[in-house]
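Consider the two complexes below, in which chain A is the common component and chain B and chain C are the respective partners.
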Partner chain A sequence: MAGHNHPSYLKIYITLVILFIVSVAGPEVAPAFGVFAKPIVLLTAFGIAIWKAYLVCAYFMHLKFEKIYAPYILLACFSLLFVFFFGTATDAMFANGHNWVKPVSEEAAVEEAKARSYVLHGSHDDHGEDQHDDSDGADHDDDHDSGDKEH
Partner chain B sequence: MAHQIIATSRSRTGIPTGRLAVWWVIGSEILIFGGLIASYLLNRFNHGPSWSIEAANTNTFIGACNTFWLLTSSLFVVYAHAASERRDAAKTRMWIWLTIMLGGFFMGFKAYEYTTEIHHGFTLFTSNFWSFYYTATGLHGFHVLCGMVIMAIIAEGDIKKGQNWHRVENIGLYWHFVDIVWIFLFPLMYIAK
Partner chain C sequence: MAEVAHAEVGHGDAHDDHHEQSFWSKYVFSTDHKIIGFQYMFTGMAMALIGGYFAYVFRMQLAFPGNSIPFWGTLSPAAYNSLVTNHGTIMIFWVAMPVLIAAMGNFLIPLMIGCDDMVFPRVNRLSYQIFLLSAIVLIISFFVPGGGFGGAWTAYPPLSAKAEYNSTPFGAPLWLIAVTLEIVAFLLGGINFITTTMNARAKGMKMYDIPMIVWMIVIASILFMCSVGPLIAGAVMLLFDQTLGTAFFDAAAGGDPVLWQHLFWFFGHPEVYVVLLPAFGIVGEITCTFARKKLFSYKLILYSTIGLGILSFFVWAHHQFISGVDPRATYLFTTTTLLISIPVAIIMFAYIATLYGGSIRFTTAMLFGLAFTGEFLLGGVTGIWLGSSGVDIYLHDTYFVLAHFHYTFVPIAIIATFAAVYYWFPKMFGRKMNETLGKFHFWGTIIPFNGIFIPLFILGAGGQHRRIYNYQHFPDLAGADMQDMRVFATISLIVMLAFQLVFIANFIISLKKGEKAGKNPWKANTLEWITESPPPHGNFGETMPTVYRGPYEYSVEGREQDYWPQNEKPESEPS
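Here is the complex of A and B:
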């Protein structure tokens, strides 16, 4: 693909780093926005991930300048992926069906997850830094998983 | 009168055959990693509370550092490609080895993270969340490792000898794809808690 003019790779990189910072900071500040917290987390975490992936594909992988076959190959693979996803999701999203039931209830899974969570229990003194990093995550969980608090 | 045969490209698509083959690999990888991520989402939708509690144990700082290493390595490998188009062997090899170095940072941080998590009792068989976590990040880490090895072979086996310059672009495409996979794994495993 030597025939096209290269974009400024450094500018694309700086844009990617800024988007990356926003994607990390977004969920941290989202709780301050009350009812808008969840949309902000989704937008900053996943919306920005899609944007970043587009920039890498279009400019670093030169997909914008590639022969049309390459984007079609990728789109065909994505389409197949969505066929399988929606084909299985319409059944797998339920807890039971015709002659089958999921072996572990969600309530039991929550209790098990809480029992082994070192973030919730605050033990393991030799990893204090980890606890500090993830303590926000624990608070975040408590906000969203009402009725499951342990203090 | 005998004519000397000169090797030429026989691509029918207009895309060089090697690059088209890399697109083939990437297309296949979309189904592999896409399937894993789609299954993760299915489970996440279905088991929201318990998976949130499990995800809170992952280390966001290390995940963020690894994202930064891979984003920066993507810039370096694209610089290697630009240098290869100028047939600048020294610069091409330098950028490739810098990319490998950042891949090494990624693997080092990942190894520390795995060690910490296993120390806390989170293994492949702890729960569905951890099974997905280790499968997805482990498979991704394996791809990073393969990319590093292939880049080293290209730098020392081809570019040093001034041959097969197109391979720099081909491995670059693969490396960018590995970066894109991590771009999606990072919010799924580390941010959405």
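Here is the complex of A and C:
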């Protein structure tokens, strides 16, 4: 450990400050560049954020000088972030629920029940409201919507 | 790094400094890893008494609803919720975690890898202090207006997010704060375990010479580090929902309650393996020592454990099959859940194969170790049914899930812990525990344990839902046959709790009057057995051990003795 030559932390700090200025200024001036505005915002805001994060991890967190398993653990944690996003994407990215509520089968079931003259609810008008009550919080909005559509 | 670590240990808390210490500096503010291990162990055991008492109270309510309960009185529905919630919380976060990981890790890792202390002794002390604070916050939460948190140990919103639903306006935030503090404590401890094992091993100890329990605790610590982030984030968001009026999990205001379930279980499922792995490690050590056999396929077990750890991050949504997750996701999570049984099965088979052809000694520790293998198998096999989303739709939130969970968790947190205490007690305190009382305690624990949870499997398959205060309000569940099973389970619980008094008595008597153990009472190979019992400050005295072989060289052909300590020089090898 003692054998390593650490870089000047001040230099890293100044680099970070300059990058910070760029990352603030970039999105500010981006609209002037017309069609390039979006890539410029992405690059200056997020690209530079990644670079800054790398500098902090590598130098201030000493990962560049640690045994190799330390950065591996960090990378493993980081990759788990993507696992989490992947696992929740089907729910979180379709929070309105159109991806999993099955209006077709529900309607078919209602029709089938009607055909058997089996009274599901007091009146047709109550139907949407009842569905709303049965649903748990997650699909709240969507059920309401699908109920409305049926009307 | 290693040099720095050793220097820090040396300077940090003065191992050379052997003058008489006061009670406070020796036992309360100690930086010695063994004392910190004891602190964790005794705190965990004290919390286990509270958790066991809670279980007794709510089981009594279920068996004899509405009656006055001895040592409690009449149980109200709100108090019932609070007891169920805190029983789960305490047993997982304040019993299994501190005893299995923190106590065993602290006591065993430096001794087993042959170093004088943890590399960060003060971080270690801070870890216990934060843990103690978290336990105090949790206990305080039982006495605030409204009582302890009553939103179940998984704390699903909206129930947990709004005081008007869970009726515990102060208990709920205190519960969250306590859990968060507890997590901070174990992160600090985990950093120590990983760093110590990687950097401070005895001379000559290669990666494959590390005892399996040390590997298991290190891998568990890594799993814990990688999985708690979402839970801490979620806990803070939930705390804001409770106290500041945010709506991260409030569907009416655009939040998503299922998000909490994802955040919780992304931590919660690896957490199961975080406590399972040390238990596996304990049982592995005990099985080898008392079967006098080499651990069957060390490397396979190690790689299976790593595979288990990786896979454990891909299974969490199997807790949410009926929470409204995308049905396509359930295919994926069913598949990964069934896959994860493979590495677990490999480890179980390896332990059984270790027994084959061994010369088995049925000490109390070994009995508990064998019981772990058998009982955990039942828990694991029932998990395969629950992991299939189709079956889970029926069984979800029934007592079948509860019984499955307890068939995994009681072997982990209770049986493996007892195995460890009976096995390492001579090293911890210099005296052996009484074997006769120990066997009495063993059978008094294992038989009632099955008596509690086998009826619950049957009740759960019969549709008995969890988290119900009084089943007499449900005509389908109020039948005399079902009630009889509830009574049977409750009586079994009381018997099991009563037999723990035998353990406590044995523990206290053996501390004072137990048979002197000597350095190596079990004739085991690992490094903790070469030093004095109990080990002195600094562990190994003047010369630190050098390691020449793996930890499981039992019954090696051509040797007079059936064990071969890791530090014994090869020159003594017979030609």
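As a convention for this text, the second predicted complex is superposed on the first by the 91 of 151 C-alpha atoms of A that agree within 3 Å, B and C clash if a C-alpha of one lies under 4 Å from a C-alpha of the other, contacts with A are read in each partner's own complex, and residues count from 1 in each chain.
In this section, a contact is a pair of C-beta atoms (placed from the backbone, for glycine too) under 8 Å apart; a residue touches a chain by one contact, two chains touch by 3 or more.
Worth saying up front: this structure is predicted, and the values here are computed from it rather than measured.
**Student:** Of the partners chain B and chain C, which touch A:90 in the superposed model: first, second, both, neither?
**Tutor:** Once the two structures are laid over each other on A, A:90 reaches chain C alone.
**Student:** Give one of first, second, both or neither to describe whether A:53 is in contact with chain B, with chain C, with both, or with none.
**Tutor:** Touch status of A:53: first partner only.
**Student:** Of chain B and chain C, which one contacts the greater number of residues in chain A?
**Tutor:** Ranking chain B and chain C by residues of chain A touched puts B first.
**Student:** After the superposition on A, what does A:67 contact: first (chain B), second (chain C), both or neither?
**Tutor:** both
**Student:** Is A:10 touching the first partner chain B, the second partner chain C, both, or neither of them?
**Tutor:** The first partner, chain B, only.
**Student:** Would you check which partner chain A:25 touches, where first means chain B only, second means chain C only, and both and neither mean what they say?
**Tutor:** neither
**Student:** For chain A, which residues lie in the overlap of the chain B contacts and the chain C contacts?
**Tutor:** Residues 1-2, 66-67, 69, 73, 76-77, 80, 84, 88, 92, 95, 137-138, 140-141, which sit in both footprints.
**Student:** Using the touch rule from the top, collect the residues of chain A that touch chain C in their complex.
**Tutor:** Chain A reaches chain C through residues 1-2, 66-67, 69, 73, 76-77, 80, 83-84, 87-88, 90-92, 94-95, 97, 99-100, 136-141.
**Student:** Residue numbers of chain A touching chain B in their complex, please.
**Tutor:** 1-2, 6, 9-10, 12-13, 16-17, 20, 23-24, 27, 41, 45-46, 49, 52-53, 56-57, 60-61, 66-67, 69-70, 73-74, 76-78, 80-81, 84-85, 88-89, 92-93, 95, 106, 109-110, 112-114, 116-120, 124, 127, 130, 133-134, 137-138, 140-141, 144-145, 148
**Student:** If you look only at chain B, which of its residues touch chain A in the complex?
**Tutor:** Chain B residues touching chain A: 13-15, 20, 23-24, 26-28, 30-31, 34-35, 38, 42, 45-47, 49-61, 64, 67-68, 71-72, 74-75, 78-79, 82, 85, 116, 119-122, 126-127, 129, 169, 172-173, 176-177, 179-180, 183-184, 186-187, 191-193.
**Student:** Which residues of chain C touch chain A once you look at their complex with the stated criterion?
**Tutor:** 1, 3-4, 157-158, 194, 198-199, 222, 225-227, 229-230, 250-252, 256-259, 262, 266, 313-314, 316-317, 323-329, 333
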